[in-house]
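Have a look at this one.
Naming follows writing order (A, B, C, D and E), and every chain is counted from residue 1.
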């Protein structure tokens, strides 16, 4: 079977799937995942999974909410990641910008309006009591473009994400690491269609269980996980090692269990960028019943 | 000898382009603009990498299928529209309109219909390559000198013989011109498809490299694609030249 | 007589064409309404139109439209002017022309978008880089048309200019330019089309503003109503632009029908 | 017709080879109206004669030729070739069109053999005939050349050779020398006469040049403006064994002047009428 | 030249209007060789005469005209117009080129007034002259039409009118009727004669058609193949007040036949030579 994972190959969201595939954990759980459909992210992943035979996917929470808002029949069956530790804001080494406070009256490169990079920036500004309206946000279309603008002096700071931030660690200075200023929040979730869940509960459970085992395996042996991820994502082993190690501390990957406060924190962020206008009624969206029994209780 | 003469000039232009590139690289000194040398080195690395060949294989498979299908369909459609004058006149503005439409914006629709996978990319390639070939073929037939068909008639040729031994060779030069544009655009269509939503192929590789800021790979792939396009174009030109003397 | 006959024929073809389009739209509407095509994939044309009217009334995308259309206009103008100058220079240098022309033919296969990061360095993010991509896409058509147009100025017009003892500037303005204009306009028409494609496509893939971006955004957020409304907007815009340019083109071309 | 000219006995036989009786051709116009292009025309082509047609542009000369070639059915009247009504392209008729009809994608040899190769003639025989035709038309050295490498006159010769190899009994030529200068026309005219003599074919030549018609033909038909009719048929009385030296014959000037007068009279009538 | 023709007194005066002495023109060829296109040619154009030039294609007729128009400097020899050597385009010379030179982007009126408007002539005077020229050339009803809406013959008339309004004293015409059928040529020839008579200009007409040259001219120069030389200059002896009715004059046939013979002899010489 093929399942969809957002940012597959570029972001560490997908590490548990890589490990579970390489270690045969999916097979052990009772499903044969042969490959992963990757995508640039957001709604594309949801579209992709809807178009595929096994409509399960790990997607950004904003995309899952948007899909439901537009009346698509999807449910959230597990959580994926719960940290924003891979994201940061950087500036040039010789820049006078030392903290978020210094950004007032300056331009900051984000990837696209209403995207994750903007959301994190606004959340961090709010957390630190900086007036967001004084920070001009410029959409660059991508992290690399933002860096280019930074180097050209078009912006004072740019959003950045791993593993790019590790690859170019020596070129820029980190202003803020979002994982350090923002508390844990759910960033990606596993979704499927209601119809698929009804028809293939066993398969769905096996996928979730396999992924959960993958998460456990990462925490149990980070070095090995880094090796697997490095190979799958074509990262130099050294960089993969740093990337995975960076995520172990904040416990980036959840085994799948739901935490309402962590979910709501993300929603608060989405409200800041205007993606969401009202509180979310999770009871209609979540279905923990496909999780391993031990994880079914919500926090 | 003659081939040398045709190739030498363009080669000089390309060389001049490389020099300008190097100058630009030195001038702006930005990590997003690697030097030509870096790019060529990366190209060497790619060419020695089996996964690159796997991706390239994917792209060229989709490209080949798209080219074959759009060529066959384009010529057939062009011939049909060209023979039925009224149909041609009805269809032409519609085709021109479709041609000048930014087709990327229709890509969501293509994905929704064809799903992921190779068929969407092939479809997208065909969307780009089909129309120019159809238009060129159709116009070639509309502009075909009537005296050719009349000559065939007085020599007692059947309509099938006329089509095969008079009409087709007569329109071939324009069909080749259309094919040159069509093939280029087919490749572009497949690549854009891969860039936008795909998990393999050179277009995906470029997107992936862009996301990681790996500009040498981006430019190396772009160069390779340009070379392939140039070679394909050169072959079609040579085919055209071989058919008629200077 | 031959001309007017052609026109009548064209008139007939026009109505037939309209009938074909109306038929196709009607069939689509029907297929959507009775559920052959699920609404999650395609909306009935009437819904698209209604949604477009809504969007225009609400002004949701006014800023995007402004950005896109002004970028298209800028790119088209730059491509036309620059393309004409380059074409004229190439024409004056036959050796260089011989070397460059074979490259122009395969030009369209190179996905210009790949150079976006480079353009950002050169032109900054946003409109600058996008216009640059669109210019790059559009300029070739203008260069080719300029070369073709100058090639086709009959030499006898040059002789006539000499008989009238015209200076080089007067000759360029009063003879060469009007004589080449129909061909130049064909190039302009293509340039506008390519500028449109270039701008919308780059917005779609790369940018944070404009109609192209709005379509990509609507796609990502499953907002089919907005997405199809914007697609319809683009189709209508292309049709209107094409029809307008075509009318002018036809007038100019009719001069050449000798 | 002046008595001097009529007194000369005709060189042609009296046998009918092709015959048009009351032939009219009307084209439907896209406006719904109709263009009356030709006729009603009566014409008897005698077997083996050289007949020229002159007349103003647009008078229906090409239309007349199309009817004889079976490319266009008459709207009214009867067209016969060798006693049988013409329906479709009749075997034994060859046409050289007004426009250059050489195929640019074939070299001269392949152009000339084109029709034969599709008619199932034995290859050795094809080569023999093509060789002969190329030699006859002075194209031997250009067998491997492509039309683009030839002058307009040579391309026209290719078309004549292509028609010739099919060994037609009736050859229709529609202004084949239109693109040539007078000197070349003269040479081509001589070649055409030689061809006509050697093949014994019947030749119908459409031309604009009155002196050319006067020089080459047994008979010259003068057509009126559209809808074309024969307003005069002039018997030249030349011997069968003739060539361009005939221009020094005093009758050549007379014939030319006679044709010019006819044309002038017709022009004036036309002017007054319109 | 035959005694009959020479006996007729010339209608032209003996005053030299333009004169070529030993004029030769050699073109450098791109391959490094050289094309000897013309000459050495001697020519005296008498003031007010109608002189025609005939000769095979490529013999240098257009080159001769370019020299007279000052568009092309002779490689050797002297060219004079009204007593002064020709350097650059001389004032008082008008040319109608072989190719259609009407400006497709201007309507007929603006085409005809184009040259005048640049020359600073008073607007009222421009209108007067343009009106006259349009009327003269039968273009009055087409003043607002564009060249694309006209036939080839009418476009050629536009070019003639455009030249005419400049009131040239020497008019050079390079096969202006090339695209027309005989009937229209006849009418155009009459108009040209009328124009010549009314303006008192000197006319040099290049043509392919021998009968046309015989009909229109005071003198006909026959040129040899490239490099072109005058091998004969024939004095027609027509009265100044003539028109196309002259074709019924017995001498018309004689003149035509004479020109044909010259051409034939030249052709044969050429054939033997090559």
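By our rule, contacts are C-beta pairs under 8 Å (C-beta built on N, C-alpha and C of every residue); 3 or more make two chains touch, one makes a residue touch a chain.
Keep in mind that this is a model prediction, so the values were computed, not measured.
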{"item": "Partner chains that subunit C and subunit D have in common", "value": "B, E"}
{"item": "Given subunit A and subunit C, the chains that contact each of them", "value": "B"}
{"item": "Smallest number of contact steps required from subunit A to reach subunit D", "value": "2"}
{"item": "Chain separated most widely from subunit E, comparing mean CA positions", "value": "A"}
{"item": "Inter-chain centre distance, subunit B versus subunit C - centres from mean C-alpha coordinates, in Å", "value": "19"}
{"item": "Centre-to-centre distance between subunit E and subunit B (centres being mean Cα positions), rounded to whole Å", "value": "53"}
{"item": "Whole-Å gap separating subunit B and subunit D, where each centre is the average of the chain's CA atoms", "value": "49"}
{"item": "Centroid spacing, where centroids are CA-atom means, of subunit D and subunit E in whole angstrom", "value": "32"}
{"item": "Contacts with 2+ other chains: residues of subunit B", "value": "30, 32, 108, 112, 196, 210, 215"}
{"item": "Overlap residues in subunit C, where contacts from two or more other chains coincide", "value": "9, 40, 116-117, 120-121, 219"}
{"item": "Residue ranges of subunit A touching subunit B (in the complex, touch as defined)", "value": "8-10, 35-40, 44, 47-48, 51-52, 142-144, 147-148, 151-152, 163-164, 167-168, 171, 234"}
{"item": "Residue ranges of subunit D touching subunit E (in the complex, touch as defined)", "value": "54, 56-57, 180-184, 186-187, 208-211, 225, 244-245, 247-250, 252-254, 256-257, 260-261, 263-264, 266-267, 270-271"}
{"item": "Complex contacts: residues of subunit C adjacent to subunit A", "value": "40, 116-117, 120-121, 124-126, 206-209, 213, 217, 219-224"}
{"item": "Subunit E-touching residues of subunit C, taken from the complex the two chains share", "value": "3, 154-157, 159-160, 162-166, 170, 175, 178-179, 181, 254-258"}
{"item": "Footprint of subunit C on subunit A - complex, ascending", "value": "42-44, 46-47, 50, 63, 66-67, 69-70, 72, 109, 111-114, 138-142, 144-145, 148-149, 152, 154"}
